[in-house]
Every structure is written in C-alpha cells, then in structure tokens.
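Per-chain numbering from 1; labels A, B, C and D assigned in written order.
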Amino acid sequence: MNPSIAIGMIGYKFMGKAHSNAYRQINQFFDLPLRTRLKTIAGRDGPKTQKMAERWGWEESTTDWRRVIDDPAIRIVDICSPNNTHYEIALAALAAGKIVACEKPLAMNVAQAREMAAAARAAGNINTVWFNYRRVPAIAFARQLIDEGRIGRVFHFRALYLQDWTLDPSVPLIWRLDKEVAGSGVTGDLHSHLVDLSNYLAGEITSVSGVSRIFVPERDLPDGGKAHVEIEDASIFLAQYAGGAIGHFEATRFANGRKNGNTFEINGEHGSLYFNLEDMSRLWYFDSREPKHIQGWREISVWEEVHPYMKHWWVPGCAIGYEHTFGNQAADLIQAVADDRPMKPDFDDGLRCQLVLDAVLKSCDSQRWVDVETMEG
Amino acid sequence: MNPSIAIGMIGYKFMGKAHSNAYRQINQFFDLPLRTRLKTIAGRDGPKTQKMAERWGWEESTTDWRRVIDDPAIRIVDICSPNNTHYEIALAALAAGKIVACEKPLAMNVAQAREMAAAARAAGNINTVWFNYRRVPAIAFARQLIDEGRIGRVFHFRALYLQDWTLDPSVPLIWRLDKEVAGSGVTGDLHSHLVDLSNYLAGEITSVSGVSRIFVPERDLPDGGKAHVEIEDASIFLAQYAGGAIGHFEATRFANGRKNGNTFEINGEHGSLYFNLEDMSRLWYFDSREPKHIQGWREISVWEEVHPYMKHWWVPGCAIGYEHTFGNQAADLIQAVADDRPMKPDFDDGLRCQLVLDAVLKSCDSQRWVDVETMEG
Amino acid sequence: MNPSIAIGMIGYKFMGKAHSNAYRQINQFFDLPLRTRLKTIAGRDGPKTQKMAERWGWEESTTDWRRVIDDPAIRIVDICSPNNTHYEIALAALAAGKIVACEKPLAMNVAQAREMAAAARAAGNINTVWFNYRRVPAIAFARQLIDEGRIGRVFHFRALYLQDWTLDPSVPLIWRLDKEVAGSGVTGDLHSHLVDLSNYLAGEITSVSGVSRIFVPERDLPDGGKAHVEIEDASIFLAQYAGGAIGHFEATRFANGRKNGNTFEINGEHGSLYFNLEDMSRLWYFDSREPKHIQGWREISVWEEVHPYMKHWWVPGCAIGYEHTFGNQAADLIQAVADDRPMKPDFDDGLRCQLVLDAVLKSCDSQRWVDVETMEG
Amino acid sequence: MNPSIAIGMIGYKFMGKAHSNAYRQINQFFDLPLRTRLKTIAGRDGPKTQKMAERWGWEESTTDWRRVIDDPAIRIVDICSPNNTHYEIALAALAAGKIVACEKPLAMNVAQAREMAAAARAAGNINTVWFNYRRVPAIAFARQLIDEGRIGRVFHFRALYLQDWTLDPSVPLIWRLDKEVAGSGVTGDLHSHLVDLSNYLAGEITSVSGVSRIFVPERDLPDGGKAHVEIEDASIFLAQYAGGAIGHFEATRFANGRKNGNTFEINGEHGSLYFNLEDMSRLWYFDSREPKHIQGWREISVWEEVHPYMKHWWVPGCAIGYEHTFGNQAADLIQAVADDRPMKPDFDDGLRCQLVLDAVLKSCDSQRWVDVETMEG
C-alpha cells in the first residue's frame, strides 16, 4: 500500500465539504503514489467542526488553526476559511514549510497578495490556489486546443458569471455579503473565477473600465437588525489585453433565472471556443480552416478517455459534476507533491488575478480606466 | 425581358397560397430564363377563388378546372386541391401534354399512383410532386454530404413528424380529417414527407410494421352534427431497408407542444446527420473520422453562399423560412423547363412514397409486417 | 380593389432589395386598405438601377433622386442609400411633404439627427426609421411581455452583435468600411440595432464607457491600391441607465463563427428574457413568480396566431425569416398611413439612438465615461 | 455514531466500482441512521478482487460468492456480477434471509425472473433492482410532475438509447457481446433501462412488435480466434399500452456520435416531458394549460433544493453526475432498511421489465406482434 500524506484543513463549510470529498475520492479513481490522510480539520465553531470531522473522516478537529500549522505530521495545509483569513494563515503555513492550497480569491487585496506570493516564492514549496474551474475537463481541454494552435491570435474574450440568489431582498447579510469578511462582492467571488480563466486562456489584461451596483442597499443581519450593504451585487467591466484583444466581463447575483451561469467565449483568427458551466460536459469549437460548407460550431462532449481527467472517472458518456473539479485539482496536487513539481495555478496566479480585481474595484470607484499593476508592482 | 411561361393552378387554399407566393417571388431572386405568368386559378368556390386571384395576381379565376387543362397557353398545371382530386386532374393534364406539378401525397392509394406514374412516363413531360422539404437548404445539403461519402453504409434512420393541432377534441372534422377527401390521416399528410425524405436520403424500404390510433373517435362536423373519425390521429411504424438498415417513423397530431416537429437522424459508418424542421436553418453533422478529441456534433448553419439555394436569397446569417422551400422547388421547376431536363422528385418518386404508405396502412390494419410492393408491382 | 399608394425609393442595393420585396409581398399577406405602388427607384448607377427596377417591378428608374422628391404622385419616400446621403435626402423629402422611411442609422452624427428629427416634427408627417428588428415577432413579443409586467424593474441588459465577415484581411475596403460613406464601423452598423432595441426594451441610457479596435489597419481598395482603415472593426461599451440598471454591448465583425449573432438578455425583478437573431423564431422567458420546482427558461416558439404579426403569414410551426421583418414594418407603415396615425420607431427614435452612438464614439476616442446628451440637447 | 450495516458485494468490475463509490459517499451527504460497512467483495479473479477491495475499502475479498451469503454479519447482498449469475446468487441470498440489491436486468429470461420475484415475495425482505435511472433527479422529478396531474392521459411514449461503441468491427467479443453471459445484446443492456422507465412513467405495455440487427456478424475473441456474434447490435420495437397509448423504443450501439443517448418523451393531454441523459440535469416540460402566448418548452434545471435528492448534494447550479444516481439509490435503500419499508423498484419491477424484454426478443425472432405476458403468467 502506498504511503500516506497528511492534510490539515482550515475551514469547514461549503468549500470544506468540497475539499473533503475530493480528498476522500481521489485515491479510488486516480493511481496516485500517495494516499491522502485527512488528519486535522480546524474551525471556529468547535461542535460543528467536530461534527464535520466525524462525517467526513477527519481524524481530529480543533478550533485553533495554528495547531494545524504546528503539527509536523501535516504536509499540506488547505485553507478554505473566509477570505479575510487567507493572508494570515497562508503566511504562517508557508513559514512553517507547508505545502499550501488556498481557496480563491487568494487575498483581500493586492498588497496582501503580493506578500503572500513573495512568501510562497521564497518558501519554494508547492503552493496552489483553488481556481477549480481550470480543472473542469472542458476548460482544460480548451487550453489544449489553444496550445494546438487552433485559435491563433485572439481578438475577443467575453465572460459572464450570472447568478440570482441575492435578488430576493429578504436574503440576509451573510458573510459573502459582508465587506469585512468577503472584501468585495461579486468581484472577489465571481470575477475572480472569470479573470483567472481569462489569464489561463486569453492572456494578460492591461487596463479595465468598470461599473458596479448595489441593488438592495439594506439587508437584515443574520442575528437581527439591519445593515447597509457595502459590497457590490453586480459588476461589469471592459478589458484591454496586452496582445491587442478586447474583452468584457460581467458578474452578478441579480440575473434572474441564471444559477451558475459562468460562460465564456474566445474568438481568434483560426477559430473560436465557447463554454457554459451550466452544461459543463461540453466545449463548443468553431474551426474556420475547415472546408467552408461544413464549418459549424461543434458541440464536443468532453467525456472521452482522450479528454483531460476523464479516463480516471467513468466511461464515455457518463457525466461528472461540480465536485469532480476539486477531485481533479486535488489529484494533480498529490501527484505534484509526489513528483516534487510545481503546481498551477499557484500563488503568483492568485496575485495575477488580484491585480485585475483591484483595478476593477478602483475603476468602479473612480469611473475611469485603470491600468492593471504589473507583477513587479 | 425574358419570355414568360403560363401557369394554371387548381386549388386555392393553404397550398395555393404557398405556390402563388413562390411563383411571384422566384423571378426576383433567381436568374431564370423564363418569367412565371400566373394565368388561371381554379377552385370550387367561385367568389373565394376570384378573391384569391385578385390578391395574388392571377389573371383569371374559374370554378371549372378543365378550363385550365384545355387552355393551350398554359404549360404548367399545378395541382394543390385536396388529395382525392389529384388522380383525375393529373391524368387529364398529362393527357393534354402539360407539365404537371402535383401536391403530395400524389394519390389516394398505390393503384392510382401507379396509373399516374405510368401516364407521366408515357407523356414524357416534366412532372414533379411537391415534396418541398427536399428543398429545405439543410436537407438538400444533407444529400450533398451523403454524396460526398461522409456517412457511408447506413445503419439507422429515425424520423418523427410531431404536431398537436387535433389534440383538442373541439377541432371539427375538416377535410384533412375526412377519410373521403384525405384518404388517410397522418399517413398521407405527414408520413408522406418522412417517407419521401427516407427515400431521398436513406434508401429503399422493403417492409414495415405499424400501429395507429384514433384518439378522438367522434368530432363535430363543420356544418353541424357529429361524425365518427375514420382517419388515424397517430401512426408509428418500423421499417427494414434493402441495404440492411432499420428505421422507425412516427407521425402524430397528438404530441402536445410539438408544432412542426419534423426531425430525422441518419447514423452511418462514417458519420451521422440530424435535422429538425422547427430549426430549419441548421444541419447537425457528426464525423467519426476526425481526430477523436475534437469529434462532436457540429451545428452547421446552412445559410452560406456555398450552401444549396442560399446564394439566391439574402446574405449569410439571414434566415429564410417555410415559404422559401416552395420557391426553391418552383425555381428548379422553371429552370428544368427552360433546360428541358427531368425534375425530381417526379411522379415515380410519388409512387415510391405511396408504395410505403399503403404498406403502412395495411400493416396497421392487419397488425403484421407487410412487404412494400416493388415499383414494377 | 383598394386604392394604391405610390412609393419612391432611393437606393437599390441590399436594402433596396429587402424593401422592394416587402412592398411586393405585404398586400398578399396583410389586409391593407392601400395597395403599394412601386413607382420610382433612384440610384447613382443608371443601368444597375434600371435592371433593379425591371426585376422588382418598379415602374421607372432614375439617377436623380430629386425626381422622386419632386413627383407629386409619390407619397412615401424610402431612403436606403448609404448613410452619408440620409441627411440631405430626408430633409428634402420632409420639406416636400412626403412620408419618409429612412434606413438606419438615421444620420452620420447627432447634429444631423437633431436637424432631421426637428424637421420631421415640424413637417408633422408620418416618418420612420428602418430599425426592422423591432418587428421580429419574438422581439415585438418581448415588448408585449414587458408591458404585461412580467419583467418588472430591470437590473441588467446585455447585448451582442457578433459577425465575422471582415476577419479575412483580403476583404476590400467597400463602402461599409469607408469612413466617408459609413461614418463609423460597427457602431453605426451594428450597435445602432442594439441601442435601438435597448431603447425599445430596457429604457434610457445616460452614460457610456467604450473601447474599440481596428484589427486590420490596411485593406485593398475595391478599384486597386490600398488604404488605411479608419472605421472600427469592433467596439464594446458599458452603459448606465436612468432607472439604475447597468448593461454592456458588443459589436464586432471579428467573432469567428458568428454570422448574425445579435443576442440580448434582460434580467428583471420578476423574470428574464433572452433572444438570439440566429434562432429568430424563439423567445426565451424565465418567470421567477412560478412555483419554484417548475421554474425554468421556457423556449417560446413565436409562431402562433396569438403572437405579433404571425397570423398574417403561414400557420403555427411555419417559420418566417429575415425578410419578413421588413414586410412587417412596411405593412405597419401602410396601415399607419391609411389611419393617419404616427408610426414607431420615428425620427425621434433615430435621434435617441444617435445620441448614444455618438457618446460611444466619443468615449472610445477619449477613453472616458461620456454622458449621453438629452433629447433637448 | 450511528450503527453500521454490513454489505457484501458480488462482482467487482464497472458496476462494482459504481456501487462501491455510492456506499462510500452516501453517509457524508445523506443523514442516514445507518453507516454502510463495506465488508466483503467477491469476484472470480482473486488478485483483481483483492486489489479492488484495497482500493475501495472493502474489509475482505473472496473468490467464493457463497461466503458472502453465508456470512451472518452481512445484511445486504449486492449482485453486480454478469447477467447469467443473477439467478443463482439472488435465490441463494434470498433463501439466506438477506436484503438483495441486484443489478439489471434482473434475469436472463422471464422464467428466471418469475422464480426470483416469487422468492423475493416469499422471503418478505427488502429487495431492489439497480434501475438507477429512476434516481436521476430529473427523472424522479418527471414522476412527481405526473403525480401532480400535469400530463394527464398519455398518448405517446418514445424512447431511445443510442450508443456507438461497438460500431468499430475491431471491438472484440467481450462479455456484453457474448450470448452465454449477457443473454441478449442491447435488449437486456439498454432496452431494460427504457422499459423500466416506461413502466415507471407511462404505464403497462401489453404488446410489442420489434426488429433487430447484427451489423457485425463476426468478431475477435478476447483471447484470440474469431466467433460469430449472436447478440443483437440494435433493436427497435413498437409498443401498445393498456391505457391506449402507443410508443416506440430503440436501443443500438451503432448510432455514430451518440454515447449515452438515453432520451425519452411523454406526450399527454395536458402537457409533455422530455429528458436526455447526455444533459441529465435538465427536464423539459411543456404545459398546454398555460395562456397560449407564453406556452413553450421550459428547460427546468433540476438542481434546486426543492428537487428530488438535490438538497443532499451541493447547492443550486452545481451539477451532479452519473455516479450520484447510484448514491441516491443506495441512500434510499439504507433508509428503507432503517425504516423497514419496501423499496422500489423491486424484483416485481424487474420481472415487469423482463416480461416486455422477452416479448421483444420473441417478436424480433418471429417478426410478429407478441403479447406481453401478465404478471400472473
């Protein structure tokens, strides 16, 4: 039996569930040289964290995240606590020589992200950000088609992340709507995904112009009373790319009827690609170099053995779902650890994303075009 | 200015409108050597026929269809009166040396169709049946892809023609529901289209097994009173092909929510094709000889200049509609006349279709597999 | 037989064909109190204009558009010549007391449009701009659903007009790519449609921020030689609405694989609507006031008799196409003339659109948010 | 911590993997009163079975399936070995008082199935057949809509199960293509799913007429040499229902481009439903009792908390996949055990399905309509 690798996870809510499930499943589906060992889970609410530990098979729970950092048996520290905790925990974990896997967005702002990326580089350990959509097989496959030269020079990128769950004014001010904890609204939550995909697939954004809205200015507090909403319900922005392309991005929780409407399209000189997360098994591909009469958008069902990740799961025609994107990333992480190879996306990619997000927030504030800071600052 | 060719049309209702519109439009869109002249329209109801003549620009109207046949100036006799009149009119027109364009189904039964096809062959004139769906650009294009060898040996054909307009029991017993006039229900009306497309695209059917239903056994007569419904509301059948393929067909007016749901799919050794008349600008094509990872159903929008008929209408991206299938057939007919070339589908194709339809009706009656008669009888 | 109304048309190319076809078809399909009389067609190229006249049934042709204006028999002047001629011709026609139907965009800029709209108001005659997409049945139906209160407060509007026909660098500098004649690139050609639809469906835009691109900076001249391209190949902009909504718009001729990809979506408090011109028979509608478990995007095929315009054409399930949007507008125009009622969209709507287009062009130039001028100036 | 319930599983290949995964996952996602204990896995190949045991956490493996039956600690016997083993194992397990969960098809023929169903009834224990598609949330939801009276009298059922994996003649004669082991080809493998769904959703089939094909008559044996193929590659049949409806069914492995193309449509007097397993998160619903102008096919994304099973998995908008249908069934089984309630589909449902399958096979052989035997025989 393969040796194990111990994981400590900080955070126990929705993402904690997604990560736990991934760690539990991957050794059955992937031939990995290391077995995941779910050692410690940390959360602020002791009883809930303990219940989570029991349910998901974590050996122990704690309310003190530093115990995870201090535990020499733990090699991977997984951070899926709220956004405003990433900075402190990640720096501590890096300082302790851990491999760090941090939920997105990496940080509350560029300043934090710069420090975290620098620390990660200095530490020299494997580090990654849970931009799990890079591991949707159809999206990894999009990257492959681009690498095969099938798109060529990019002219356009357009991406939407449409949801509708806060449209109801009676939705209370939970942490995702709380500026102190979330940092921003749809920018950090949804644009972060779109911007990372743009970085992954379409290249570097150099400047942005955006506008945002708070449609419901006041909401109930979970524990009673009311509060002003300070995070944006919706944000749209234009982008100019280093390579000359232009793009636009929308993130909203007020698109009635759209639940997880993350779609993007790339138009290039040789072809185009389209993806919709609500139909995640598919990638649409248009090839303008084929004979004219048979050109068309082809709906590629990305579930053949030749497609990224799919040979590990079931057989052609059997869809995987949302949770498997985490499994794919977790499996890649474990393999990277075994091979001692770097892992992407890393903290630098997290910073790359944050540079754009901060520019978007600034642009929405100032109503001006804002240049995206360079990696060097 | 080009010389004209005089047309006489018998029938003035829905198909009369469709054909009149075609004859009026084609000279503007196609470069035809002959101009259509809408000379005489014949119908049983004098005032209504006259009104139709005025509206659509027919020079004269008559209640005596033999005046059309007897008019030496008229070269094309277009028959779009009810099914039970086709036989007599077509034979008369052929005997008079006319070019005959007859609505589908060609005849009430095989006996009539054999006689009509024999008469057409004997006359040696151009003759055609209005199986207009062969001139949907996407369907003509399907034939082209088959001719290019893109499908290969055919394994399966499946075709549906789903409507829902008689589901409401208050729909009265109009002529299409009257056995005396229509001959059959969905078999002559809808299966005729599907069977002609099968003949056109998938090859010869040799035997069938079917079952049909009358879901509403009694309906109001248009002029008061009630009558038993004797034509089938729905019919499904299995088919065996000369080449070894198997297929199934459904025609119904009881498919709630389907209006003009004529769809078909062909599966062959090299690829597959799918078409849906409710989305008639598209042909879906799957090519299994491409590299595995980019295989997919491609949605070809059949509106480029390179596609059948489309260069005559607007520009790429501008959809044509239902009416243009008649325009395409009318234009082909006029060109065939100018060139003195045969025209397809002809009365032999009408007979070919009728052979299958009669076998289907017999099979539904007898609840047995029935061999399709050969062309020779 | 009904009395006729004489039409004079200036321009004879693609739009001339579309309008001629509409004028020829509508009396057959609509019960109009006036018959269209295609009296005079004017064009700069005498032989080509004469050929067009013969083909489409215009009684006479001329190379002098003033003859159309001066002809007392002509009541309707239809302007479908290039953009830079609209101003002079429309003012002359209005001054002569004509009913004027002008192609979009109404003018080369706001200054022209203001003068034209003022002249139209002063003349007091019926006037209209050929924003034909308002008469796509599905779009007229969208307006109806909004009027029925099914959307409520609007949060988002997003609209794309994606084409790919100039992506090929060998496409020469035809008039649509010539700044002198077209005034702008995709802004006047494509954004004009989107902005008019936004005005029609989503309300008043108050400010915009845009960016545009010329991807192919030099093209062949049609008559030899090369020239710098001065019109934008692609343009995207953000919009803020008077009612608080935000929107974004994209118009491009570089979206590989998109031919006539005019799509829009409206998200409101009670529901949402989605439309795609490449599938123009459909309107998608989401209703968030239904029982939760059966909520979904419903694909409404807008071809029932109860839907706008459709009872005039064929029967449910029989699609109409691109050309019929012109027929619908022409029929509405003739009916408005017969009833002596105003017609929409009128020159004021043309100005409303131009106000936004000019702001977009200014914003793209200055890289700043630009306020849209008010109707009053 | 909840008490555990021990499971013994016989069979270790594809379905063994699917079931193991389900048993491992459900306690994390469902609040079940019993914890699944993966006690023993049995398979003919000792080393492979042992490897499977280690990978999936079975406590022990054996090559003797009777050890599972004889183990008093084991309460649930799960049979996922090839079709020709179900009969013997299931009877032994029932005789030993076990709860039995058997893969589909239940048996090789009606005679076996009758005996098994009788034994199950006599034993009085919970028993179930793995017709897992009843637990696709969209299909369970279809049943719910029918129960709500939204479809009414059924006129039509049509179902396809289209695959293409044996189209390649170089695919060898594996067990699914071996008549001795599989019993039949697509009939037992694919039609069994369709027929069970028809039984679940559309009612009782009383007679069938079918035709089948072997397109590749000879294949390589896995261990060398060649053999005649005796199982059908494709089968289509017509069905008459007790309630007057008619239906047709197709199962094939020769539909080029279709991978897991299990689709069905039900048309009733008040509405219709459509499902496609390749887009399994969706159910399409047409309601003909709505106002005419807003009638349309609504695409219901079956991933809200109010939909069957979905509250147990992730959040609205996060798709589940193929594997979760097994999880849903396993969770229902464990809950049924805890509650001591019967579980559906049971062996009687397995027999119900087999009655139709046998009639189909007989009809394909005899080329006649064949009455489906009654449950009483």
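Going forward, contacts are C-beta pairs under 8 Å (C-beta built on N, C-alpha and C of every residue); 3 or more make two chains touch, one makes a residue touch a chain.
Because the structure is a prediction, the values reported are computed rather than measured.
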So which has more C-beta pairs touching, C-D or A-D? A-D
Farthest chain relative to subunit B (centres taken as mean CA coordinates): A
How big is the gap, in whole Å, between where the Cα atoms of subunit A centre and where those of subunit C centre? 42
Using mean CA coordinates as chain centres, what's the gap between subunit A and subunit D in Å? 36
Just curious, how far off is subunit D from subunit C if you go by their C-alpha centres, in Å? 54
For subunit B, which residues are shared contacts with two or more other chains? 295, 297, 301
Report the residues of subunit B in contact with subunit D in the complex, numbered from low to high. 155-156, 158, 160, 162, 164, 167, 209-213, 215, 234, 236-238, 240, 244, 246-248, 250, 252, 254-258, 265, 267-272, 286, 288, 295, 297, 367-369
Would you pull the subunit C residues touching subunit D in the complex into a rising list? 141, 144-145, 285, 292-301, 304, 306-307
Subunit D touches which residues of subunit A in the complex? 1, 14, 18, 20-21, 24-25, 27-28, 54-56, 163, 165, 259-261, 278-281, 301, 303, 313-324
